[in-house]
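You will see two complexes here that share chain A, one where it goes with chain B and one where it goes with chain C.
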Partner chain A sequence: MAQGAAKSASTGGLRRRRLLSAWLFMVPLLVVNLLVILGPSVATVYYSFTEWSGIGPAEWVGLQNYRDIVADVDFWSALLHNLIWTMIFLTVPIGMGLLGAFLLSQITRFQMIFRVLYFIPYVIASVVNAALWQNILDPSRGIGSALATVGIPFLDGVSFFGSERLALPAVAFVDNWHWWGFVVLLFLTALQSVDKELYEAAKMDGANRWQQFINVTIPGIRATLVFVVLITIIGSLLVFDYIYIITQGGPAGASEVVGTLMYKEAFARFEAGYAAAMGLGLSFMSGLVIVVFLFLRRRGWEI
Partner chain B sequence: MSTPARGRRQRREPSKFPYYIVLVLLALFAVGPLVVLIFNSLKTNAEIGRNPLGPPTSPVFENFATAWTQGDFATTLVNSTILTTGTIVGVCVIAGTAAYAMARLDLPGTNAVLLYLFVASALPFQLFIVPLFFLWSTLQLTNTLYGLIVIYWAIFSPFATLLLRSYLVALPRGFEDAARVDGANELQVLTRVVLPLSWPGFLTIALVSGLGAWNEFFFAITFIQDQNLKPVTTSFLAFQSNFSRDWGLTSAASLIIILPVLVLFLGLQRRFINGLTAGGLKG
Partner chain C sequence: MHAHISRRQFLARGGKAALGVGLAGSLLSGCGGGGGGGGQVTYWSNLEGSGPQAYFKKSIEKPFEKANGGTDLKVTFQPPDEMDRLVRTALQGGEGPDIIMTPGPAYAQEYIDANLFAELDDYSSEYKWEDKLLGWALDLGRYEDKLYAIPYQLQTMLLYYNKTLFEDKGMAPPKNRDELEAMAEELQGQGITPFAAGIGDDPAAIEWFPTVFWNHYSGPDALYQALTGEIPFSDPIFVEAIDLFNSYVQKGWFGGSQEKFFSNGFDALHADLGDGKAGTNVEGSWFLATINDYFENSGDAWDWAPLPPLRSGVPAELYELGIGSTLSVNGRAENAEGAAAFIDYLVADKKRAAEWMAAVPSAFNAPLPFSESDFPSSMDERVARQLAALSQATNQGNFGYTAWTFWPSKSDVYIQEEMQKVLTGDITAAEFCRGLDEQFTEERKEGAVPKIIKPGGAA
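Up next, the complex of A and B:
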């Protein structure tokens, strides 16, 4: 039918048919997106103003959930942990990423092997990475006792994930192990597009390696650097997997973040309305980061 | 580093040796733990007590057999395979048709759709998880593999569509116009002409969304409680708490989970790395 029609149809009919196909082809994407992401996202806004257990009707309570969040000590403690997490991820993986990428850009031999090795942790499932480090950091059957047998006893018996002081940085360490290699490759891609002649010019001016790094490398990859900073801040606000898998926010809330706290509110305490408000607040904060970034860029900051 | 006292040639090209030392240290940090994982999978629990991280003195393979049966891998690997395959096929269809409509069929409002896709691929799950869960319970889609697959379609397709569209935009249009002149309809143009030309783009989105589905944890643990339907990731978490600190067994189970991924990654590393770094936003 279509073939026959195509030959005889006017150009107007052809265009109409093409437009119809275009929208038909969009249907699967729009339907699943509406059903899974957009619809529930809008519903979150509504439920955040209700008292709702997840089952049955929701009762409108106005701003009560938001007032409760502001008064919730656990929430502020969790948000503080998100900020600590952000600080760790803005420094350690970005530092390692810049170092790794800069060194890789300076060599040619074995570059591909290093890239593949650095990237491997990024493709491994979070549950496996977590178990691997729970094994290595085991208080009595891990690196502490291995070092003790060669005469370095000070880590022996240390429970990294079980200590209130160490749990958060220890989980951050595991997440970083999985993440930094990816950052290396993002930076390396950016570095490879920096004009080689700029380095030559800097060398002619007598710049040493460090000065070349500061004056040529960093400006050359600024766009990627800003992008990584942006996804680091947003990712740190929303972090969930590694904390939920390794410590569930414990011990005694020492590694609780807003993501794990809202999950517990929704699925363990059945405070779905309260959790919706918390989720919306968290999304609002990460949206705000993007808005600030766009605002600064519009104001002429070259980021 | 060279000193000024050395010759001119040396000062201009200082040795790269210190670079390699640091690069090797970073490489050891990246893969050393995985070597420990392999070592420990080959040790008995008693040997791990004596020798926590070193190579096994007398390798044993029984951890793999025990992990296979105790971890119920015969079931969970099938579940993960269904989830991954279903995700890949669905994402390729959804992203393929949408990208084609935007790149080739002059979809009106393409820019608005593109903007929406960027936003959708950056929306945090915290924004929609609560109503989504209770919607899925009402529709009786929790504790089903297809219910989870639909979620994976939704979360992986925005990025896949963007990637595929930029790929299609770069392809020449001549062949398609020739097929249309010969009377092919749009579906035929897509399946007979565009697909054969754009398979590398499809392979990339298949790898990225397939890896995402295989490793996915958050939606899997939220939506599947039935032990017989769990994928390898969440089932592994339950396994690990049952065999708490039996690291030989846990390591063997870990290797079973990551082996397919590692083989595929090492075989297609360049495509994996390019695809995943293009999707940095979802990292």
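Up next, the complex of A and C:
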């Protein structure tokens, strides 16, 4: 009995020491989080209830900024563009990524070369990618005029980034060009973990390629697929860089998203309080996506 | 706005000019000095490009330190577009350099309202700025009769043209609206874009055009009245100016087409001017620094002309006044004396300023009463002519107003954003002007409108 008590005390001491060590290792991270994330987050929440230019004292205005956002036509227009962007990125790069990964998985020779080629745009800085495509799609000196000189004039003079109708999809095209190769690699890695015997079994059951893809591949990479969908939705809500670099939301707000609108509010109109409220609205929407995801998992969805 | 990409480009490329002029010796000899002996002075500069930065360090920083009893001038070069954000962030944290650069009087006023700048009246007396600087410049830096900021980097809008092309076609720069429209129709008829233009690199640059049309159609007197609240911006005189600009864009005179106007980048449109694919370019005086680069390929000649009046009664030679930056002393500066001494050294000495303006052409124009003979012989004659013309015209009260200098920040952003919607047909010119008037009136009530100096012709 005494021996048992001594053993229990010794185990308890070991557990406490382990716990202490774990906390000691976590302290630097916690401090960084408190300073860099929690502090500014709390400040943002506070400033979202104020009228503040970014310098000087902030004036408490309660919920006024949020009321203004609800009545702000530009905000809703920008949010609509975020939703369009989300739909584009939930379909085009994911579709291309699945197809690319599936095709790559079918070959063994040169697979590494294709992987590298697909991945290169992802590691190039966004400003470089943007400049590259601005030149390629220039209405007077880009690919349109080059094709026109060889008798293919249908793109000649088309102003992709200067047209209200084309600006948003054109910037999405450039962003997709850099993004989809990364999605291919994610799916390819997931595909390689799918048990080959499942494909053999499906073949023996008479399944064709499409049926194998639907019934074996998709369930096999479901976790990766859901992860890609999740980061696509959140990334689309927070999108900023390519739009800011290429069109800055123009022409006439045709490619404005909440991220670029928020930046203008904070650093051009000096409505830092209003921008903080807008930022919190975006964070809330992103958080909602994660909450829905966690809720579905808890309800037993295999995602 | 404040730091257009074209200006950044020319600052970067100004290195060639800075390295080429070889003025270091003369600047070293042009010593200044004053009460800034000893201690450290911190200064954030918006100067870009390794060449100009090396020139600054060698020919301004070191001689200043030598002339001021070993004062240690610590210069940090910041990206021009980021400067105000960096200054704002630093000042929020109770920090920031001893010398504060802002993008213009409207921004300076915001800092003054927050009690962040030191009064400069004592230094003005000590260094005799009243005798040296242009009167309007000091007026522009005064708030409630106290001096807080020195306007710097003077700018104006000009009509650049391909001189070779014009001579070949037997044309001359237009002197009124009829001549301007005849020129545009003639050039367009020959497959040449009348005005190289585009905002693809910097959509905020659209504000150049309402600025030009309001000054040269509505006129500086009407603008003075609107900016001082005597008449609204919804007045037909302003609506007509916007309608006129819109009609020119819809005709394809600016940039080739409305859509190209939105997507043309500065390099492409400047190249079109140099190659003779476009006849003219309406742009700020900052373009003088890089214009030669775009004429190297074709070997064509270029020149500039004042923008013509677009309505009778508007002055024939009118320069809208732009201020690229202001300089102030941080209210928390440990060495305010040294900071003021450096502002005097950089801005108020005519010979030194002229040489610096020649080294990085037309980028750091000081508000001094220049004539062409004040500039070194190494300076391009066309640049010297422009700088002298601007200095003399503004000294005589013959100036207009640029949106990025005299409109408060939210009204300025309104112009940048909503003007695009006029060109796309989403709103009318009247709606645009009505919205501007509402925004401006609100900011005027808040006291956000910078000091509006009176043009010579205004009653």
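Following the convention adopted for this analysis, the second predicted complex is superposed on the first by the 270 of 303 C-alpha atoms of A that agree within 3 Å, B and C clash if a C-alpha of one lies under 4 Å from a C-alpha of the other, contacts with A are read in each partner's own complex, and residues count from 1 in each chain.
Please note the rule applied: contacts are C-beta pairs under 8 Å (C-beta built on N, C-alpha and C of every residue); 3 or more make two chains touch, one makes a residue touch a chain.
Just so you know, these numbers come straight off a predicted model, no measurement behind them.
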Simultaneous placement of chain C and chain B on chain A, clash or fit: clash
Chain B versus chain C as contact partner of A:162, first or second or both or neither: second
Contacts of A:247 with chain B and chain C, given as first, second, both or neither: second
First, second, both or neither for A:103, with chain B first and chain C second: first
Which of chain B and chain C A:55 touches, first, second, both or neither: both
First, second, both or neither for A:220, with chain B first and chain C second: neither
Partner chain in contact with A:141 - chain B first, chain C second, else both or neither: both
More chain A residues in contact - chain B or chain C: B
Touching partner for A:182 - first (chain B), second (chain C), both, neither: first
First (chain B), second (chain C), both or neither touched by A:119: first
Residues of chain A at both interfaces, chain B in one complex, chain C in the other: 54-55, 138, 141, 267
Residues of chain A that touch chain C when the two form their complex: 53-56, 134, 138-141, 157, 159-164, 247-254, 264, 267-271
Residue numbers on chain C that touch chain A, as the complex places them: 84-85, 88, 91-92, 110-111, 113-114, 116, 199-200, 202-204, 256-265, 268, 272, 409-410, 413, 416-417, 420-421, 423-424, 426
Chain B-facing residues of chain A, complex: 2-3, 6-7, 17-19, 21-23, 25-26, 28-29, 32-33, 35-41, 43-44, 47, 54-55, 96, 99-100, 103-104, 106-107, 110, 114-128, 131-133, 135-136, 138, 141-143, 145-146, 177, 179, 181-182, 185-186, 189, 227-228, 231, 234-235, 238, 240-241, 244-245, 259, 262-263, 266-267, 272, 275-276, 278-280, 282-283, 286, 290
Contact set on chain B toward chain A in their complex: 16, 19-20, 22-23, 26-27, 29-31, 33-34, 36-37, 40, 48-49, 51-54, 93-95, 97-98, 100-101, 105-108, 113, 120, 122-135, 137, 150-151, 153-155, 157-158, 161, 180, 183-187, 211, 214-215, 217-218, 221-222, 232-234, 236-237, 240, 245, 247, 250-251, 254, 257-258, 261-262, 265-266, 269, 272-273, 276-277, 280-281, 283
